[in-house]
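Naming follows writing order (A, B, C and D), and every chain is counted from residue 1.
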């Protein structure tokens, strides 16, 4: 039995970032013979102590979920050679026991932007980020490029909440983008994402989910979701640990690894022309084949 | 209580009441009673336990031992509302009025029968005016309390306590803050109440109050009743003898009458403080005094008299460096009021001392020890500090010596100031401010709240300071005190200034009419 | 007094029942939870060292709170002052010499930055009478956002990937003083700060002035002090303590500027100082107590013995228990004593 | 964009953003006027937000959710009152403890109930009203006629509280208790009882503030969703100098400044967004600077001990 600790910066109920990691570990629990502990709401100041205490407790693998875990892991990993440290959504690696997993957030944003541009009637689309952490900035960039690829004249609005959890302000920022003419919106972060979806729902405009397939939350509103399968990272990391193939390197998961993806357009296929629908399918294919050159 | 000659059955009675505060026994097996239509004076030295009795009767404290009877029935006055409902009205010396509310709202506070809902202020005001008229008062009900002078506040307190059928009215040192007119007026009210069958307990340090209005007197010493007698059977000397516990009737006589020594105002006196064309404004912006010219001379006591609220407080605060005059200039100890360095700290460094009018507000820090209170105003004096740190032992020794000199009743320099009785707090302030190196002393009501023996002592200290060349400004509303110790007097009355005049040449009647605002003696 | 119907007892019973009930609902064993917390905090080296490490900033900040609260000035914004001090120190770090002098200057810059940030509120209070509760809360929000900008803008590391600054020079790092731990020389800084503050508060002229202003501002004016200036100044002083704590954390622990490295310390510091009634000698004890609490709760979280929010409940409950315990000795038979 | 529509949108959004702060600030005003500071209203708001959602889902009625949220808020207020009024413990520390307790209780409660299922339950939340059918009028329609019922109730509550302070004996009592409790006590008023009641009712209002967030402005609960609004409410109370109507105005100012920065932010993508986020806070600091000395209740934060002065 391997013992695995998953260290999260937020609560597992946030509906996005942290929930995703929790979902991944739950999935892994069912597949493998592992003992799992999930530590929530880890403040920056506590990270190092938390990592150390799991390592000292003899955990086989400690997963830090978020780029902020990278540095503390690098600081301490040498002291605990028996523990494998994995940083999720970051790109660091070190011999012998640090690996990282990341998703191609930019690609996800690219897909979202492309879809949004095609569904927009006003030619204006919006992205509401929580705080510009690296992955969110990547997504933001991809969103703009993807949109321009489909319709170069598309106007992309972008704004930040200043908080991962301020759902009310997230909703208001979204509302303001809608007032400015945006008719397809998306957002990244934690709880604030829920605010965006609700605002879109109330204003009866369209939204694109991120990370989780969130169609069920607002089936009339959510066209599709730019999937960022952070749960896959975790599942993968655990699997590699169990079969001994985990190496101290960075795994960046794109569409072909199931790291990102585009959820089905449930019920929304009919809202665009067959031609546009085909462009989306083609885009996904191009992405998988590595034919797109302006990815962030 | 066998020494009580009164045959009346007490309306309210304390039986063998003892109250302790930790090691301090504030009241020790006290027996006393007061009958309907009777005025009982409660006298005793500072810390004798008078206020403690008041507090028990008004429901603030419960006795530790003994019991309180009303009409012969034991009662438990465990909260102020119970006392109010029982018909006991109290005018505490420190008025229980909310400064930021209007007079009317302060009265409404106590009117439980009005419920919690909409306050019909017009109806209440009519009722209040009725009560006030019965007492012979006219009141300003719509002003905030913090804009009223003490006499007005006292009237509001009395009216407030009379809004319900009051059968016992307690007044704790009501005359300490009143001028002569207001005092006379208060006594008329008490007489009227007495005529209506109200029992009254009056606490006072002024023996003339006892003789003017009381039927009986109970004298406390060290928490015990040492005498209870009809006033008609007492003399001032006898009261003092009981109070201070001396058998020496000559000494008691001396304390009771005081001695008149005047020695200041040497010819060609040097002015240490010159006030020129000074205009003063009250906190609310109105002009209190304008164009004042006066000198404070070394070796002289200048009395500042007048009904409260005529600018005396503003002048003292200004002379103390706590503010600058609105117009004109002051030159004091070489500093000018329009100079950059003008301020309390600088003047204190130059030898100014100040006994403040409102002791609780300015003079003390209640929770701090007596020793630290002694540092107040002395915080920049090198004597008590080394490298910014207090020389603790030196301070403690100095304070212990001063407290002994002033006979402050306190366990020691580490006692919190707020544990002292009011009079002893005042003594502590005096001990602090009346130092040897004083060049100007601003003494605002220095004897307020003090027992008669201590007042004599304070007067002698003032005279000593004068002899050493201090210039003393004595703010007082007590004509006797002024006549007893001051060399010159200046009177503020309704924006006008009378004097300064030498006390030798001034009659009491003339002084009284100045205070009342008349130039000439009214026949 | 050993009567059991005292109100404190009801309070304690209520709080304990709440927590135990919540733990039982979660299907966990309250004793196991308690054991996990106590064991890690008190009986494991790592747990105790972790607590000790956190004690350093909490002590320094608690002292700053003690000073300002003694003067009746409610500095709620230490978190912002800490950020300002840290940011200033890190921003100017490249120009500092190495070695002891450099470290001293680094810490001094932390103090200066914190003092300046607190001083804004101080100036508004002294000059305009503006209430410090508002200004310090607001300035904290402002500092937080400015930090967010700094680590993504002008002060971001050279790679420009992660929102944080480049590390400060190794020569500016506080040395570890206990081999094999992370206990660094900031510990000595804290000890020094305690001694100095305690002397100032208990015996110093400045401490006396603060007390007078806090307990009776009118008396302070009467005595020749300038209460407004003193109140304004103490905001800068306590801001300096916050800045010092920030600089010590960076120089001693993190080595660079980033977001969220002292989460909620400003609020914790208030509790730390108030629980011991603003007595500087006891501030480190209280800070250690709170740090042990965090370490213990951290262990409960680490073991995931209960759902996470339950840990917040326990945290609140323990603070309530501290409080109930702190009022117990103060309560004596009614009327026997006033506030003294 | 058309200026009128822009202004109208900003104002409407400002009101939405301000309402939870207004409610919490009203509650805090009541408590502070009686002499008790409660820095834990953030925790109360969270509990209110959670209970409102739970109540609405369980009963199917947002009004029931609101009522339950207010009840829960009152209970939280009572805990604070017990420690700070009855036990006379440090009010600020008790508030901090209450904050943690509220964060924990709301999060834990959520996980035990609605959060357990993992999927969002359908929440019967409040919808904006259409008063007199005028909500659609361009410009003023959305502001005056198209708000949530709770918004109108909030203004009504503020007016009622202002009336209570100015015109009722209850108001006189509360002010006296916060200003000079010894005087109130000697007038026969149970100081501690009044304070207990004010803090509890204040808690109920803060609970309603939380409910607005979770069942009116948004539909749903997430942990920590108040995001510092409780602390803003405290700042509003102080800035408004303890007047309920001014507290409403100040909270509104905050909300409008926030709504404005949100909009300007996406218009000026070149400027770092943080500079916009701080705008409302800078407004508040400037307002403090302009506003002069405070009118703080003299006994604020000081426990009342009868007999001691």
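General observations
Just so it is clear, contacts are C-beta pairs under 8 Å (C-beta built on N, C-alpha and C of every residue); 3 or more make two chains touch, one makes a residue touch a chain.
Every value quoted in this text rests on a predicted model; they were computed, and no experiment measured them.
Looking at subunit A and subunit D, the chains that touch each of them are C. The mean-CA centres of subunit A and subunit B are about 76 angstrom from one another, to the nearest whole unit. Here the CA centre of subunit B is 46 Å from the CA centre of subunit D. For the pair subunit A and subunit C, the distance between C-alpha centroids works out to 35 Å.
If you average the Cα atoms of subunit C and of subunit D, the two centres end up 27 Å apart.
Those residues of subunit B in touch with two or more other chains are numbered 60-61, 366, 418.
Looking at subunit A, one finds that residues 11, 132, 162 touch two or more other chains.
Those residues of subunit D in touch with two or more other chains are numbered 107, 110-111, 223, 228, 274, 277, 306-309. Taken pair by pair, the chains that touch are A-C, A-D, B-C, B-D, C-D. By the touch criterion given at the top, residues 5, 11-12, 37-41, 43-46, 49-50, 52-54, 56, 67-68, 70-71, 131-134, 162 of subunit A touch subunit C in their complex.
Across the complex, subunit A meets subunit D through its residues 11, 13-15, 126, 132, 157-160, 162-163, 165-169, 171-173, 175-177, 179-181, 191, 194-195, 198, 216-217.
Interface residues of subunit D, counted against subunit B in their complex, comprise 167-173, 175-176, 179-180, 182-190, 295, 298, 306-309. Put simply, subunit D touches subunit C in their complex at residues 39, 43, 79, 82-83, 86-90, 92-94, 96-108, 110-112, 223, 228, 231-232, 234-235, 238-239, 272, 274-275, 277-278, 281-282, 284-285, 288-294, 296, 305-309.
Of all the residues in subunit C, the ones that touch subunit A in their complex are 40, 46-47, 50, 53-54, 145, 148, 152, 161-164, 258-264, 295, 298-299, 301-304, 308-309.
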